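Which chain is which? They are A, B, C, D and E, in the order written, and residues in each are numbered from 1.
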Amino acid sequence: MIYINVSKKLSGVVENMELNVKIELKKGEFLAVTGESGSGKTTLLRIIAGLEKAKGRIKVGNEIWQDDKKFLPPQKREIGYVFQDFALFPNMNVLQNLLYVKKDIDFAMYLLKLSGIENLKDRFPNTLSGGQKQRVALCRALMRKPKILLLDEPFSALDEKRREDLQEKLYLFHKKFDLTTIMVTHSSNEIYKLADNMLELKYGKQIKYGDAKKLLINSKTSEKFSIKGKIIDIIKVDIINIAVISVGNNIVECVISQNEAKNLKIGESVLLSTKAFHPNIKVINENTSC
Amino acid sequence: ASANLTYVMPEIIKAFNEKYPNIKVNFITSSSGKLTAQILREAPYDIFLSANLKYPEFLYSKGIGVFPPAIYAKGKICLFSIKHKNLSLKNLKTYSSIAISKPKTTPYGKAALESFKKAGIYPQIKDKLIYAETVAAVLSYIKNGADVGIISKSLIYSKNIKNLGKFYYKDINTSFYHPINQGVLLLSKKNEAKKFYNFLLSQKAKKILKKYGYDIKNK
Amino acid sequence: MIDFTPFILSLKLAVIVTIILLIIGIPYAWYLSSTKSKIKPFLETITALPIVLPPSVLGFYLLVFLSPDSFIGGIFYKLFNIKLVFSFPGLVVASSIYSFPFMIQPIQSGFESLNKNIIEASFLSGKGKLTTLFKVILPNIKPALLTAIVITFAHTIGEFGVVLMVGGSIPGKTEVASVAIYDYVENLDYHSAHIYSAILLIISFLVLFIVYFINHRQRRKYDIY
Amino acid sequence: MIYINVSKKLSGVVENMELNVKIELKKGEFLAVTGESGSGKTTLLRIIAGLEKAKGRIKVGNEIWQDDKKFLPPQKREIGYVFQDFALFPNMNVLQNLLYVKKDIDFAMYLLKLSGIENLKDRFPNTLSGGQKQRVALCRALMRKPKILLLDEPFSALDEKRREDLQEKLYLFHKKFDLTTIMVTHSSNEIYKLADNMLELKYGKQIKYGDAKKLLINSKTSEKFSIKGKIIDIIKVDIINIAVISVGNNIVECVISQNEAKNLKIGESVLLSTKAFHPNIKVINENTSC
Amino acid sequence: MIDFTPFILSLKLAVIVTIILLIIGIPYAWYLSSTKSKIKPFLETITALPIVLPPSVLGFYLLVFLSPDSFIGGIFYKLFNIKLVFSFPGLVVASSIYSFPFMIQPIQSGFESLNKNIIEASFLSGKGKLTTLFKVILPNIKPALLTAIVITFAHTIGEFGVVLMVGGSIPGKTEVASVAIYDYVENLDYHSAHIYSAILLIISFLVLFIVYFINHRQRRKYDIY
């Protein structure tokens, strides 16, 4: 069990903001942290890692990492950390960055391969693209098979395909090595797929905390199939009106009535649902899709 | 002027000014080698007083100077210590460190070395020698660790030597070393410079020089 | 015949002083760069002061402080039986004091412009302070480190005011090349002075060139340009 | 009109990769650039900005920015650029960062307000969170009302709400000042909403280029309502089987038959559609939704 | 009575030399830091070499090269009617040459560790090279710049070997404080030497302390710690 109960004054967008977090993680748990920009997510991770001092207590298993008297330095906390800005060592090439953490070349190569960057192993960080750096940072954090893995938006610079791919691999990794993982992310999709619990911060306060799936699923029991979307366009083709609705990364066209066309406005959030009891589900081939 | 003259010069200038109140004398000390290099590049100096004849002669051989170098005094050397009383060349081997100024570049150091050789003690004390940049530095050395040193006699008369506290000194017989001829070279044809040059070679100046421990016999 | 002893002494002195100052300088510069204390500007100023005094004058004061009769010199003499004046160890101590700021200041400025998050990343890789220092911090302030080493090295080779005063230019023991060349100039032996200067320049050129050349190649490798 | 026809050797994940781009933009056009990590998107923007040399020609209006003979330096190209890693000036506070570009304090405050960071105006970049830095970088790029606006994943560090908000504001800005905008993004949603045209790169080659909406809409005419999703979970509740499907940021629960439950696998991409002709669209109140 | 002329001369010399070297040093260091040319390590080595020679020896050579009979000195003499030896302008030239590496090296190392993308960001803000230099580059290499300025300043104050040789310690014209103190020590007038040293140290302390203190406050403001 990991107990975290910390508070720290922040200078935020509002006056006198204070970060106040009290959470408990089971060993092997996957916690997602979300919340708007500047709400204190990175600061929370840094406090857990021991990079920033804060009031309060952190206890991991039977070991106290910090309380009034004690403060375990970062290098003594068995943590893997992916920084929001990567923080790769500029003087080492990609492979050396990984080996610095642990001299296990097979495992390093395995991780690089997993992330699709094994060809970059001899390159120095300055020559990598944003997404490539981010993947190196992720691999480096995994090298230790750390007790606690802290990830600060680890996929933000990646394209969707690579992101989904790495999400899955991260999940398997998390399971296989029984890690306790805390990940900052802005994507509820990611949270649902990966997290057991989620924590949402706002101005440093925890406004939601609990089972990720329960907090996320916003379907109503009466409607078996209902999705939140946003109208991004209303097009008139001949005599029919088509609403173009964005649902996540999908763009859906939907025929609507003249009346509806009048009432609906571009930019409005809408709930898409269907009266049919049984939506079709059809497996698609990745390659044919856009 | 060469550094060893630092103490006597103010008095000579004072006496000179009694005679010629309107001539202001600026006097600059530095090592003879530096001054020689500078005078070669037309440094704005009027008179060059050196601790030996070598430098003025070198300059004169390069066509610098109004007259050939003249000897205005001869320097003397003496043993000096603040720790040990019974100073003599013979006793030197009983001390662990002996400071002299550099024989290569300073006439007093050269004279010191000559006297060691003449006294036949050079082999025994060779490894105890510490070489100072100037005779003034010899005093610093003696104050900070060296047992004994050889300095120019004129230093003993300088008012600042009292800063060292109690000290002992002993002349070295002038027969032990070649005379340390202090040469002067008149560099400019300015009237004032000439006047000072002549004054320096006058009896009055010699009296002062003698008071400061210089040998002024047989010009 | 050219006597190479002064050159060997000079090189030996410069190498030893550079190493000693590296060892002292790195932690001290680190402290200066990371402290938020009010006394920081005070310490920084004190650090720079030795350069302000003319070398011979500093040498004069050092002679006073290092002589066996004095407090510091006395301690060394009694504890280790080392005389700090008129001896090679004395030169080392004196040169180290004089060249101190030349080592500290560039390193400190290197530390100050270092991106702190790679240090954090190293700690989080489970590495202690020493490993972090040698594997992450120092390699990443290399330009500053190089500057510090080169300035300290070159300056120790060229310095002679302090060295002359404290060392007493004893041939084979404390007569370094700079002093020897100085003597030739003083003695109007310009020919020898030219030869010795040329040798000193050539040796120094080679040492520095090798250092810079290796650095140049490495920077290309890291693609830091 | 802006003609860009450039090529440059890159060292990528594959050997001897070469960036080859030939595009044409109309004044006022909004072009989205997408493609997997390391495919050359950032490099393309840097070439257009004049930060990197490349073979080929760039012509903006009647002015040649670069060809065999000429190379206009970056400061002469009227460009606004949001760097992937922000590149804020550490020695200036937020407001000074903006004013450095142009001494127009009203406009600077207007932009900061628009981005919700007007309270941070006196803060120095080192004290900002990732998303806050990104917003400052965006504001700074807009300060000049540049001819060409180049955006390198300008919203990647932002939460969804803020992101949608800024997307809209960027769009309005783009229209109002008649900017020509090139934006690198990984979100097709973003592309649909903002872009006129899109360019997709793969290993430096342009594999898709053309009208954004046409390239994106993947609905088939026969099915008026069909959405691509991914099965992230299959749950058994009592005797019914529920497939949990992620669609963008939506998590949808869908009752499926015993048979379907057997054939569908977690992780599979599926196409959700409904036989009903008319899905319901209901406006939702932002505040009540998750 | 204490004669303050030497101190004023010293300060004047140090300030002028520091400013001149800043003006020359910044573009030169920039060139060194950004060139990928093969001659870079060669230039770097040459830059460091003046420090390797003992100051008086360097002074001797400078005396030779700057005297009106020589090529360089002759040009100055004929074109501007400036004598570069035994004059204040001569001191400035000689000190500038000797202190050159102290200015170049820290600045170069500052440039080399500067994050290049803020320079690009400045260009893309429509700013030319000069604005970028003064508003973006220099403020962001402040620790290095500070080191360069402090070392150059302090070193010029303290140097006397070169100055003595080229300047000839003419009171009121080329007799700077370091030379004056040296003379007092030589004359065994330790009392005056102590007083003059103390004054020199105090003045330098104040100048440096003010510089460091302002820097300290600014760094706090930017929250760079």
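As a working rule, a contact is a pair of C-beta atoms (placed from the backbone, for glycine too) under 8 Å apart; a residue touches a chain by one contact, two chains touch by 3 or more.
The shown structure was predicted, so the numbers you read here are calculated from the model rather than taken from an experiment.
Between chain D and chain E, the least number of touch steps comes to 1. Ranked by how far their CA centres sit from the centre of chain D, the chains are topped by B.
Look at where the CA atoms of chain B average out and do the same for chain C: the two points lie 36 Å apart. Rounded to a whole number, the gap between the C-alpha centres of chain C and chain D is 54 angstrom. Between the CA-based centres of chain A and chain B the separation comes to 85 Å, rounded to the whole angstrom. If you average the CA atoms of chain A and of chain D, the two centres end up 19 Å from each other.
Multi-chain contact residues, meaning those touching two or more other chains, occur in chain A at positions 85, 127.
Residue positions of chain E with contacts to 2 or more other chains are 56, 60, 185, 224.
In chain B, the residues touching two or more other chains are 34, 37, 137, 140. Each chain pair that touches appears in this list: A-C, A-D, B-C, B-E, C-E, D-E. Listed in rising order, the residues of chain E touching chain D in the complex are 115, 117-118, 120-129, 135-136, 139-140, 142, 221-224.
By the touch rule above, chain A contacts chain D in their complex via residues 11, 13-14, 34-38, 41-42, 84-85, 116-117, 119-120, 123, 127-132, 134-135, 152-153, 156-164, 168, 186-189, 192-193, 213, 215-219, 224-230, 232-233, 243-256, 260, 264, 267-284, 286, 289-290.
Taken in their complex, chain D has these residues touching chain E: 49-51, 73-75, 78-81, 83, 85, 87-91, 100-101, 124, 126-127, 140-141, 143-144. Put simply, chain B touches chain C in their complex at residues 31-34, 36-37, 54-55, 58, 97, 99, 102, 104-105, 129-133, 137, 140-141, 143-146.
By the touch criterion stated above, chain E contacts chain C in their complex at residues 34, 36, 40-42, 44-45, 48-49, 51-58, 60-61, 101-102, 105-106, 108-110, 112-114, 141, 143-144, 146-147, 150-151, 154-155, 157-161, 178-179, 181-182, 185, 193, 197, 200-201, 204-205, 208-209, 212-213, 215-216, 219-220, 224-225.
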